Each structure stands twice: as structure tokens, then as C-alpha cells.
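Shared between the two complexes below is chain A, which pairs with chain B and chain C, respectively.
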Partner chain A sequence: MKKLDDMHPLSATLFFLCVTLIPMFIPYPIITAVSFIGAAVYVTVQEGRASVRTHLWVGLLFVILTLVNPLISHKGATILFMINDTPVTLEALLYGLNSAAGLSSVVYWFAAFARIMDSEKLLCVFSVISARAALVMSCALRYIPLIRAQFRKTKTAQRSLGLYSDGNIVDKIRGDMRVFSVVITWALENGIVTADSMAARGCGSAKRTAFTTERFTAFDAFAAAAAAVLTGVCAAAALYDRLDIAFYPDIVMSEGSLLGAAAQAAYIILAAVPTILSAGVDIRWRYLRSRA
Partner chain B sequence: MAILTVKGVSFKYPLCERAAVKNVSFGLEEGEFVILCGAGGSGKSTLLRCLKREVIPNGEFTGTVSVAGEDTADMDTSRSAAVIGFVSQECEQQIVTDKVWHELAFGLESIGAAEDEIALRVAETAAFFGLNDKLHMDTAALSGGEKQLLALAAVMVMRPKILVLDEPSSQLDPIAARSFAETVRRLNRDRNITVIIAEHRLDNILPFADRLMLLKDGELVLCEYRDSAVSSGDEGLLSEMPATVRIGHELGCGGRYPCDVNSARHFITGSFKNDVRITEKEKRPLGEEKALEIKNVTYRYERDGKDIIDGLTLSVFKGEVFALLGANGSGKTTALSLISGGLRAVSGSIKVFGKRLKDYKNNSLYTGTLAMLPQDVTTLFLHNTVREELEEMHIEQIPFGLEKYLDKHPYDLSGGERQLLALAKVLAVRPRLLLLDEPTKSLDAQSRGRLLKILYELRQSGMTIVIVTHDTEFCAECADRCAVLFMGRALSPVPAAQLLADNDFFTTPASLISRGHYDLAVTPEDVITLCRKNGRKDR
Partner chain C sequence: MPVLDNIRIRAAVKYLIAFILIPAMAVAGSVAFDEKRHIFISLAVAVLALLVFFTGYDKRQVGTRRMVITAIMTALCLIGRFIPVIKPMTALIILTGMYLGCEAGFLTGALTALISNFWFGQGPWTAFMMLALGLIGFAAGLISGVLMKKKAVLIVFGAVCGAAYSMIMDIWTVLWYAEGFSFKLYAAAIGTSVPYLLSYVISNAVFLYLLGKPVGDKLMRVKIKYGV
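And now, the complex of A and B:
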């Protein structure tokens, strides 16, 4: 058993893709609700106290998204009240609620995903696509901060030559432009040294190996397969219209069916697994420690 | 059998009339440690690059380079990349990837080695270089010295037979340079790696060298075992030699030149009397007026971080040359940035010519009052030619012999020339207080001498100069007073000779050679003068 954090990045990425894509393509209330709750709980488990900030931001987004729809969409049979002679309907409100849950859960999942995927894991995902792509990414990760630092240094140096005036905004922008252009020259010039250093170590002389620090284990394979199967069930249910919902003019949902129920159960498992794994690993750790 | 055989190598850059390297031939035995000497522009770098097929510059190349009898031009690409390792001086730019482990793996990835082999090689190399606890670090977070060690390690992963090093420690501080030199020596002695190295400062590596080569205008004029090369008395070679050898040569030490401090000390104390122990130097009267007054200044980079500058108090008098020494990360550069207004102190006050920094309004600090030469002088350049750079600062009379380079791109200048151009730009604002951040870093002996002369002239003209440096020998040559920066404070400033003659680390080789025997002799010239004055001991 491994936390999502410790899984092979490919499995983890597949997992996140499944768990976020399903509520995006199947906006079925139970699915969106499960996604929202599952993500919120996972973020809480993952970040602990620091999650309060994430919750506040996502909560704000959730409220706004919920309220915007009934204000612009006036379809629906059940009128709740009137604003300036335009009706606000229950169906539009529920529609807003459903899509808000879906969208904000995606934000949640991405926050969790970003926390897990550091540059080394991202590199590993890229290296599956191609060793060259991975190299390009690694270079970019190195060079962007370097160029930013050079920009800052150049700006300070130029200021101390008295060539920058700090009062006038036009002068400031003009100064920044000049510094920016010279930093580009600098980057190209340095690129030559880097290119030499790459060539000196045989870059381009043979088919690149993509070396990563990650190892793909049986558990990673199992997790990936499980995610694929569970997603398959959901996809089948969607294809056979077992998870359909229409909001206007009246709310109509697919009738209960075995496939629909299975798909809902599958998604519940999918959304709960990250939390279960995290909690499970923690509990086992404490248990092992207490016995030591 | 010779491990490296170079036959008739010549090289000409496009659009150049003269060849940069002319018909160079030599052979190296396995396990030799060879230093390539030569003044700036003599073609050292070009020759070293010609040795490795992958980094030969654009231009006309003729001749052959063979490793263990096999012409490198005929090797397949992965093998020729691996067999000769190349490290250049740019510690920042030769690192390609963002993580230390990935940088180590890079070469083997390139030649398509199997993953398991890569892992084993990386493990082994990391252990040898002591990089184990840094494997998952960002390469950007390493210090300059660590970066250069990583660059060397990343080459050693490929198990080269020959290491070609092009001024590898010219951008490092003395301690990092020393540990780099010792690592190279370890590779040479323990792993039988043949080393050919060019370096600005030979103090660290001369004792390890088996052979010296001297390049003059692209021609190899000397390729001899160390002792006979040194005693050949070639002026060009001697000017690059460390203080120990120069002192030995000036005082006629005979056949065996002292290559390290101990043997030079034996020579001096054994051969010369010490009736006169001190040279009379004229004392420069210091003004009473303060050019710079720092009181209780504190600075930190992050709100919850620790104070880098912690209660710094310091006064520099008008017309004085003041040097600030200190270990890496002791806050020297930070202190300069605070003085120049690049950073703003958290507390305390900084006065420049009696006026507080914040009372200098509208750039008036930077017009006619204060100027700073940063460590990385390329940050001062904005244009495509030297001419434009100078015109921007309204410089009409071209200083420092820069006429020759007017149409060159500033980036195409050598380290020394860049420094001069930067200095010209900085001086154009007619500062009364000049701040220099590591001005001798990456300068060869020649450019260093030229910079020294310029500083003498500026001092004569009454300019106040504050230098932050690791280079104690430079400090001995030009500073009136120095202070050591430690724990964010400047320990009390004393006359430069006194500080350098009193300390074991913040000192010069000349002082280490002569202390006990003579007093306050901190430059080779001091030692030579005293020895001559005293005369030889009677046998």
C-alpha cells in the first residue's frame, strides 16, 4: 500500500485524470457531489491546517458559480421569486449548484495534484512520452529561474549607473524593456556554453535513455488497472445513458438501473481511494511505530 | 605508450587572418598532470577545445588528436564523447538540468546507456565526490564551488581517460578553488586520469604538476618537466607563476624552484640574513573626513530569516582604499548592495559623504557620488558594440586602451577586457566613492596587473574605494586598511599589512613565507626587497 504521493507518477497522473475527467463529462448530481466531497476531504487530509485557505478560495468559487447561473438563465418551471420582472427558477439554481460542485471539485483535485507532482515526477511523466521532451523540460526548469535572476541583477546594476529613473512610469517601462532585451542576448550567449557542455557529454550521439529516479511497482500497476476499470464502468454507464440528467424545464434523471448504480459505486471508490490510502498508510505507520 | 598524441594541430577562426593555434604537436603519458600556460589571447582555450572533437569551435581545424593511438576523428560518437572529459570555466552555464542526479546521469543518458548501469555509475560518482546528500537538490541551489565539482563529476560519470580543464576555478573563491584542485589531483593520482589544465592562478596546482607547457601566440614554445620548465627563466612563464616561484627566481635560488610555501620559506630563512626586519613604506596620510559611515546596520532577506548583516558599523575615510574580506556567505556582497542603495537596510544608518542615503533624491546618489562595479560585469552591458556602450555614458575620451575593441560585442571580450569596459562605464558617472565587488575574480595575471595600476591612479586622484574581495594578495597590493566581515559585523579595521601579517587564513603566501623572519612583508616585492637589503648568509 502506498500513498498517492509515493506512487509512480504515471499511475498517480492516471488516477487524477480519471477522478477529475469523470465529473467533467458526466455532470450527474451524485457524481459531482461525491467528487466535491471526496476532493475536499482529501485536501484536508493532505494539507492539514493549511487546507483552510484552499477551502476558503474554493468555497468562494462554489458560491459564485452557484449564484451566477440562476441570474443569467431563466429557464425552468418552478419560479422561486422575481428580480426586476425576471424570474429566478429552482431548476436554474440546481443546475448552478451541480455545475459549481463539478467545477470546484476539479479545482480541488488540481490543487491536490499540484501538491503531489514535483518537478522530478513531472519529468518522469514526460520521459514516458519521449526522452527528449523530458530533457527540454528539465532545461526549462533550470533556465527560467536563472533568467529571472539575471534580469533582477541587470536591473540593479543599471540603476546604479543612474540610467534608470524611478519616478516616471514610462521611463521605468522603457528601462525594463532594455534590460529584457539584453537578458535575452545574455541567455542566447550562455546557451552556446550550455550547448557545448551538452555536446561534450555526447548529447545527440545515440538514442537517449530516459533515466528517472522512480520505479514502477506491482502496486502501481494494480492501482492504474483499478482506476482504468472503475472509469470504464462509469464510461459504460454514460454511454448507455444511465447517468443522464436534464434540468429544463423540469428535472428528469435516468431511472435507477444496475449499471447506473455500479457506476456511482465505482466513482465513490475512485474519489475515496486517495483519502483511504493516505489514512491507511498513516494508521499503519503509527501501528508499526507503537510496536517498535 | 602515449595516452594522448597531438600532431600538427592548427586552428583558424573564420574572418581572422592569423591562426589562433599554429602547428602544435605533443604527447602525454598516461597519468600525467600537465599545466598549459600562456598569456591572455595566446590560444590556450582554443587549443584545449581542439583536443575534444565535440567542442572544437567553428573555423578551420587541421591536425590529428589520438587517444591511445586511435584517432579521435575515427571513433564513434559515443566513445569519443566519453573518452575525453571537458570542463570549462562557466560554472553556471555548463550545468544543463535542474536536479543534481539528473545532471550526473545526463552524459550516460546521451550515449544511451542502460538504466541500471546509469544508476550504478551515478551512485559511484556521487559517493566519490561527496554529492550523496545533494542528489535531489536543485542545481541552482548549489554554491559556485559545488557547481563546478558537479560539472566535473558529471564528466567523470562517463569514465574518461583524459580530463581537459579550461580555467575551471577562475570563477571560484580561494577555498572552493583549492578543493577543486585537490579533487582533480585525487582523480589524477588515484584513478590514473591524465589531466591537462589551464588556470589563471597556479598556486594550488603547481605543486601537483608533472609538466608545464607554454603557448605563445598560438605556438607551443615549451613543453618540459616542471622543474626544468620553471628554471628556464622564460619571462612569460614567470609572470604567471605564484609568489613562491617569483621570489625564488628574483633571489636566484638556483636549480630547484620552490613551488610551495614551505620550500620557499626554507629557502628564505636558510639563505638570507634578517638584520633589517621591516621595509620602510611611506605612509599615506588619511583624511579626517568620512566618505562612508555605517552605523548599526541590520539586514535580512526574509522576514523570518536570520540577519545576514547584524549591527554593521564601519567608517571609511576620504581618499582611502578599504578592503572588506570574509568567508563565503559572510554578507560581503550584501554589505556592498546596502551601501550602493540596491538593498535597503532594515535598521541603522548609512551616510555617504555625510549625507544619509535616503536624502539623495532623484538618482543624485548615482550621478557624481557613488558607483558600483558588480561581480558579474555583464549586467552593466546593454548594447551590441563597445562603442555604443561608451556612447551611452557620454564617454568621449576612450580610456584603458579600449579603442581596439570599439566594434566588438561586449560579450566577445575576454574577462579582463570586459572588466575594463565595465570600469570605464562605471567611472563615467564621476563617482567620489567607488565600490568594487570581487574585481579580480576571473582575471589573469596580466589583467590583474592592469587593474591594479588603474586603482593606483584613481587613488592618486583622491577617489575613495571600497573593495570586497577574497583575493588577499590584491588586498596587500592596494588596500590602506582592511576589515574582516564575520557574523554580519566588521571586525575592527586595521592597516592592511598588519592584518595580513597577523593572520593564518586572511593572509598572503608572501607573508606565510617570510613571517618570523621579517615583519609586515606581505607582498613578494616586500620579501625580495628585504632579502636584498639583508644579503645572503655566510656559508
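And now, the complex of A and C:
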């Protein structure tokens, strides 16, 4: 058993894409609700007290997205009340609620995903698509701290020369622009040296391959296969119209069916697994420590 | 493939896929499927376009120097996105496209969007941002001759790119929120994003005015001096 954080990046990415894309493309109330709750719980387990900020920001998004639809769309049979002679309908409100749950859960999931994907894992995933573009990305990531350090150095040097003033905003911008210009020149020259050094070590002499320390274990394979199968069940249910909902003029949902129920169960498993894995690993860790 | 050895045929295929095949798929998808699937089609098209580019980039012969210079421009763009309100990001992407070519412009734009979204919020919109910023760099590379000659044209191009970028992302907002496209929602989305649109337009114009010549000269110098 491994947390998503410790899984092979490819498996973790596949898992997250499945969990995220299903509520995006199947806006069925049970699916969107499960996705929203699952994501909220996972973010809480993952971040602990720091998750309050994410919750507030997603909550705000949720409220705005819920309210936008009934104000714009006036379709629907059940009129709740009138604003300036335009009706606000129950169906439009529920539609807004459903899409808001789906959309804000996507934001939740991606926040959780961005948290476990460090640059090393990102490069591992990206190198599957293009090893060379991953190399460019890796160089770019390395150059950010280098450029920032050089910026600071140049600024200090300019200040000690008396060339840099932050007395007023125009002077400050002019000074920053000069430092920026110096740093760009430095970065480009430095890049040529780096490139020559890379070429001297054989870069570009054969097809580029990518190195990663990540190992693809049996658990990773199992997790990826499970995600694919569960997503397949959901996709089948969607294709056979077992997870359809129409909001206007009256709310009509697909009748209950075995495939529809199976798809909902499959999605509940998908949305719960990240939390279960995290919590399970944590509990086992505490248990082992308490025995030591 | 032996047929694709001819450099002109290869270029033709490249443009065919980028400008005919993918838009055709988008149109066909929107006609063949019902409104609910528009979001799916648009996401699929964006991802496909990015895949075509990135796998193509792997096969082509790109010098190590050009690759590293592209990486440095990407790093500068990334730093540029962290400056509040007025950001030199898009201006630098345009300059990269102009001086290092379409490919480098596209790569810089796409990678900047992908990496910076780890700080600014990752989401399905990342694919659209990558494509939009990449295409800005690509377009700058296509018409680099005109852009280099007249500074006014460059500034106008930057402003138009800023506005276009904001409006492309608004299309995505609408598709994401509603089933199918609605002009009413689109107008509302444009209305709420006016401050962003203005900030993009202004920062592109200002930074292309300020950085256009100096950064362009630097890139030109590196190109000539080291044969990038």
C-alpha cells in the first residue's frame, strides 16, 4: 500500500485525471456531489490545518458559480421569485448547484494534484511525451533560481555603484529595467556556455532518453489498471445514457439501472481511494511507531 | 519515413496538421456531437494539438544551444509571470517567437503556462492556456519579418495578442460552465474579465515598447555571435 504521493507519477497522474475528468464530462448530481465531498476530505487529510485557505477559496467559487446560473438562465418550470420582472427558477438554481459542485471539485482535485507533483515527477511524466521538451523544462526550472540570484547580485552591485535608486517609482522601475537587461545578457551568455558543456558531454549525439529514479512497482500497475477499469464502467454508463439528467423545463434523471448504479459505485471508490490510502498509511505509521 | 525527408513536404505536413486538420476536427466534432460534448471536443483538440507539437519536437534536429536559449527564455517568462498586475510574460514569449522561430515560441509559451500553473492553479484550463500562449509565440515566429521591421506593428500585435488571449480563455470559461456555447454567457464572461483583458493589453504593449529593442538586440547578438 502506498500513498498517491509515493506512487509512480504516471499512475498517480492517470488516477487524478480519471477522478477529475469523470465529473467534468458526466455532470450527474450524485457523481458531482461525491467528487466534491471526496476532494474536500482528501484536501483536508492531505494539508491538515493549512487546508482552510483552499476550502475558503473553493467555497467562494462554489457560491458564485451556483448563483450565476439562475441569474442568467430563466428556463425551468418552477418559479421561485421574480427579480425585476425576470423569473428565478428552481431548475436553474439546481443546475447551477450541480455545475458548481462539479467545477469546484475539479479545482479541489487539481490543488491536491499540484501538491503531490514536484518538479521531478512532472519531468518524469512529461518525458514520456517528449524527452527533449522535458530537458528544456528541466533547464528552465534550474535557471529560475540562477537568474534570481544573479538579479540580486547585479542589483547590489548597481546600488553600491550609486546607479540604483528606489527613491521614487520611476527611478525604481528604470533601475529594475536596467538590472533586468543586464541579467538577460548574462543568462544568454551563460546559456551558451552551458549548452557547449552539454554538447561536449554528448548531448544531441543520439536520441534523447530521460532518466528517472521512480520505479514502476506492481502496486502502481494495479492502481493504474483499477483506475482504468472503474473509469471504463463510468464511461459505459454515460454512453448508454444511464447517467443523464435534463434540468429544463422539469428535472428528469435516467431511471435507476444496474449499469448506472455500478458506475456510481465505481466513482465513489475512485473518489475515496486517495483519502483511504493516505489515512491508511498514516495509521499504519503511527501503529508501528507506537510499538517501537 | 522516406517521403517526409523532403524538408518542404515536412513543413507542409506540419502546417496542415496545425492549421487544417485540428480545426477541421473541432468543427466536425461540434457538428457531429450534441452541445453537451463541446467541452470534451475542445479539450481533446487542445490536448491533441499539444501532443502533435511535443512529439514532433522530439524528432526534429534542434541544436543544443538553441534548446538552452529557449529554456532560458522560458525561465525569464516564468519569472515574468510572478510580477504583479503588469506582467512581461507574453511580451517575452512574443520576442522568443520572433527571434528564435515558431517552434521555440510555441515551446516557451506552452511550458510557461504548464509550469507557472503549479503556482497559479492547475486545472483543465492549463491545456487551453498552453495552447493559447504557445500559438501567440508561434504566430510571432510566423510574421517575425514584419514585427522586426516596424515597432508600431509589434506593439499593436502584442496588444491584439493580449486581448485575444483573454477572449480565448473566456470561451473556455463559458464551455466549462454551461452545456454548449452561449453568446449571452460569453458576453458576461468578457464583461467580468475586462480588468484582466486591460492588464494583458497594457502590459504587452508597455513591455514590447520597453523590451522590444534591447531584448531583441541581445537575442540577435547571441544568434549571430554563436550561430544559434
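What we mean here is this: the second predicted complex is superposed on the first by the 249 of 292 C-alpha atoms of A that agree within 3 Å, B and C clash if a C-alpha of one lies under 4 Å from a C-alpha of the other, contacts with A are read in each partner's own complex, and residues count from 1 in each chain.
Methods note: a contact is a pair of C-beta atoms (placed from the backbone, for glycine too) under 8 Å apart; a residue touches a chain by one contact, two chains touch by 3 or more.
Quantities reported herein were computed from a predicted structural model and do not represent experimental measurements.
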{"item": "Touched partner set for A:F113, first chain B, second chain C, both or neither", "value": "second"}
{"item": "Contacts of A:A133 with chain B and chain C, given as first, second, both or neither", "value": "second"}
{"item": "Contacts of A:E189 with chain B and chain C, given as first, second, both or neither", "value": "both"}
{"item": "Which superposed partner A:R159 touches (first chain B, second chain C, both, neither)", "value": "first"}
{"item": "Partner chain in contact with A:C203 - chain B first, chain C second, else both or neither", "value": "both"}
{"item": "Which superposed partner A:I147 touches (first chain B, second chain C, both, neither)", "value": "second"}
{"item": "Touching partner for A:L123 - first (chain B), second (chain C), both, neither", "value": "first"}
{"item": "Partner chain in contact with A:T213 - chain B first, chain C second, else both or neither", "value": "first"}
{"item": "Common interface residues of chain A - those touching chain B in one complex and chain C in the other", "value": "131, 135, 138-139, 141, 181, 185, 189-190, 194, 196, 198-199, 203-204, 208"}
{"item": "In the complex, chain C residues that touch chain A", "value": "39-40, 51, 54-55, 57-58, 62-65, 67-72, 74-76, 78-79, 107, 111, 114-115, 117-118, 121-124, 176-179, 184-185, 188, 210, 214-215, 218-219, 222, 226, 228"}
{"item": "Of chain B, residues touching chain A in the complex", "value": "52, 54-55, 76-78, 81-82, 85-86, 88, 90, 92-99, 101-102, 105-115, 118-119, 122, 136, 139-140, 151, 154-155, 158, 337, 340-342, 362-363, 366-367, 370-372, 374, 376, 378-382, 392-393, 411, 425-426, 429"}
{"item": "Chain B-touching residues of chain A, taken from the complex the two chains share", "value": "119-120, 123, 131, 135, 138-139, 141-142, 145-146, 150, 153-154, 156-167, 178-179, 181-182, 185-186, 189-190, 193-194, 196-211, 213"}
{"item": "In the complex, chain A residues that touch chain C", "value": "20-21, 24-25, 27, 65, 68-69, 72, 99, 103, 106-107, 110-111, 113-114, 117, 122, 129-133, 135-141, 143-144, 147-148, 177, 181, 184-185, 187-192, 194-196, 198-199, 203-204, 208"}
